[in-house]
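Per-chain residue numbering starts at 1, and chain names A, B, C, D, E and F are given in the order in which the chains are listed.
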Amino acid sequence: MSEERYQEGLAVKRRLFGEGKEHPLPPGHLASDLLRLTDEMVFGAVYTRPGLDLKTRSMLNLAALTVLGRDDYLRRHLQGALHVGVTPEEIKEILMQMAFYGGIPCALKGLRIAQEEIAAWQSARAAGSPS
Amino acid sequence: MSEERYQEGLAVKRRLFGEGKEHPLPPGHLASDLLRLTDEMVFGAVYTRPGLDLKTRSMLNLAALTVLGRDDYLRRHLQGALHVGVTPEEIKEILMQMAFYGGIPCALKGLRIAQEEIAAWQSARAAGSPS
Amino acid sequence: MSEERYQEGLAVKRRLFGEGKEHPLPPGHLASDLLRLTDEMVFGAVYTRPGLDLKTRSMLNLAALTVLGRDDYLRRHLQGALHVGVTPEEIKEILMQMAFYGGIPCALKGLRIAQEEIAAWQSARAAGSPS
Amino acid sequence: MSEERYQEGLAVKRRLFGEGKEHPLPPGHLASDLLRLTDEMVFGAVYTRPGLDLKTRSMLNLAALTVLGRDDYLRRHLQGALHVGVTPEEIKEILMQMAFYGGIPCALKGLRIAQEEIAAWQSARAAGSPS
Amino acid sequence: MSEERYQEGLAVKRRLFGEGKEHPLPPGHLASDLLRLTDEMVFGAVYTRPGLDLKTRSMLNLAALTVLGRDDYLRRHLQGALHVGVTPEEIKEILMQMAFYGGIPCALKGLRIAQEEIAAWQSARAAGSPS
Amino acid sequence: MSEERYQEGLAVKRRLFGEGKEHPLPPGHLASDLLRLTDEMVFGAVYTRPGLDLKTRSMLNLAALTVLGRDDYLRRHLQGALHVGVTPEEIKEILMQMAFYGGIPCALKGLRIAQEEIAAWQSARAAGSPS
């Protein structure tokens, strides 16, 4: 394993999801090895490539996760998108557009999840959370 | 039907796919009514909304169509992406990132199609085509 | 937007889902614009086309939503199907047949949801609800 | 194996796909055992159940295969649908409706395949083929 | 229906899921006919074929259900896998490998479910349950 | 990048697909960076983990790629499976079983591809190819 690339991956995750939110699983979880590998391989080796900035990468994920119907993962990446500066209006436009590529059901489901996450994010901001 | 919104949709398609490429089907085709409707409702009513520019919308489609494995449609939207200014490098980054959300097979397939479309686009440019 | 087509769409939704059930979301929801558009475009412009009656269109949706595994949406369209006269026996046959096209898991999941919705519908009928 | 149910399945396939078209594979093919089993269990045990007639079952398959994007299988079931009396207009409506549940790309692809199959079927009829 | 093949199917299910766990649904459930059919057709006619042992068949199902994202069914087949001798380490490897074919989201979701099922299975064993 | 892990990945690919078949793309291909990364991270870091042998990993891939309907990739992994010692009978059983999890269409398609690849592999062996 490359420790350097792993550390770069963690740095990307902190920028995307927020300080302290880069480890979504407790230690010893069955998924830890996979997460360790993707931290290095995806966040460390792919997200750090030039050619696309982090906000654009985040928006692309929202599109993909919506049409794939991966709700849990979409929820986490919506949190990341809001943190990295994708606006609620942009989120709405992304998910609305996906209705025509992945079907209306996946877009409506995504918009329901986004409604919840945007509300939580706005509450946290109003409460003075650094988020 | 709203003729005005339909004309706006055709204008968007000309910007996205190029002049003269907004009608991909011969008249009388079984899919013509669906295409007429989507020209109006998707390209006319959704793509014209503020909040996302056309290049960003095009990039989001590449992400979605790659993970969905809709190859024919991906090919057409790759042509659109190149026409609207998405660079070959950006296309590569988008499809590469999708490997981790939709699986490596869909990304490799998408990159093979993109390789062909980028070569065709570069040839057309070299030949002085207005493309 | 075409107000006339939108009103036709709402009328179709009342026939399909029942009086007062055509608006599944509170006003101001992030999905409202998409719903407004699909009310007009799908229920207003497509469901009103001759060639297929509403009961047949409802049955086709059950087939599609089952193999797509869109459970929330399947539940709502099961309610619509029962309202528009698709019988519990027909629902069972549709979902059972889908096992062989979309896989047994999606059909079993659909049948579990249908079991719940049919029971709720029968209770409402027994209680004299106009449903 | 139940020989009786298998024969009933073959009879259903002759009604659906046409006389002499119930065996789509040469003997000894790797898929023969699966086909033998599905002839008995799907066409023999499921399609023969009361509750849905063959034309309705055929229409449901078009919906499911379109949103699943199983093109080869959709083509064969389009041939069956035309043979069992689903009209070209009904096929168009089914596939058009699916655009909103499975996405526009799957519906456009389905309509392209249907255009070809309807043309072939009309030619065969014009040539006096018993179809 | 073939009573003999059905009984063979139930015997396979007892071996796979455990004694008394071969009937996951109450009598009269809407899915009972489909389950009866699959007991005979899948567990009776397919799982009893030579060429693959039951443990291998169980592992293949984990792979397929993970990439399909059929969570409920994956959970039940994880229980079966543990019962039939697939080790927690093997389960982890199977699901981790799937990340690269079906995408990381489906693998992470599968590993979360597996974490729960392995913990429940270990508790039951510690408590002296015959499992 | 870790050169050592990359070399281990190439060694795994030679064992799986055959000597000289570890590089399926010409140099400079748009997919080369993704392939380089997966050679290292998937074949080098995942396939080399203890807990599952290469033949079992190959069989799991056949299951996953069949239900995902990724035909090109399935074809390549069928070649790998035959090379690594999965027998034609085992391939048939794997794909046949998948019919009930991913639907009959994906299994029939997979069996057609497998029929072709097994025939090619048998011809190559009869011709004395080391394959």
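In the analysis below, a residue touches a chain if its C-beta (ideal position, glycine included) is under 8 Å from a C-beta of that chain, and two chains touch if they have at least 3 such contacts.
Computed from a predicted model, the values in this text were never measured in an experiment.
Using the contact definition stated above, find the chains touching both chain A and chain E.
B, C, D, F
Could you label the chain B-chain C interface same or different, taking same to mean over half of its residue numbers are used by both chains?
Because over half of the interface numbers appear in both copies, chain C and chain B meet with the same residues.
Please compute the C-alpha centroid of chain D, do the same for chain F, then give the distance between them in whole Å.
The separation of the two C-alpha centroids amounts to 32 Å.
If you look at chain B, which of its residues touch at least two other chains?
38, 42, 46, 65, 67-70, 92, 96, 99-105, in rising order.
Based on which chains are in contact, what kind of graph results: line, ring, star, complete or other?
Chain contacts: complete, every pair touches.
Which chain B residues qualify as touching chain A in the complex?
38, 42, 46-47, 49, 51-52, 56-57, 59-61, 63-68, 70, 87, 89-90, 92-94, 96-98, 100-102
Residue numbers of chain D touching chain A in their complex, please.
67, 99-105
In their complex, what parts of chain A are in touch with chain F?
Of all residues in chain A, those touching chain F are 1-2, 37, 40-41, 45-46.
For the complex, which residues does chain F have touching chain B?
Against chain B, the touching part of chain F is residues 29-31, 33-35, 38, 42, 65, 68-70, 72-73.
Give the list of chain A residues in touch with chain C in this complex.
That would be residues 69, 88, 91-92, 95-96, 99, 103-109, 111-112, 114-115, 118 of chain A.
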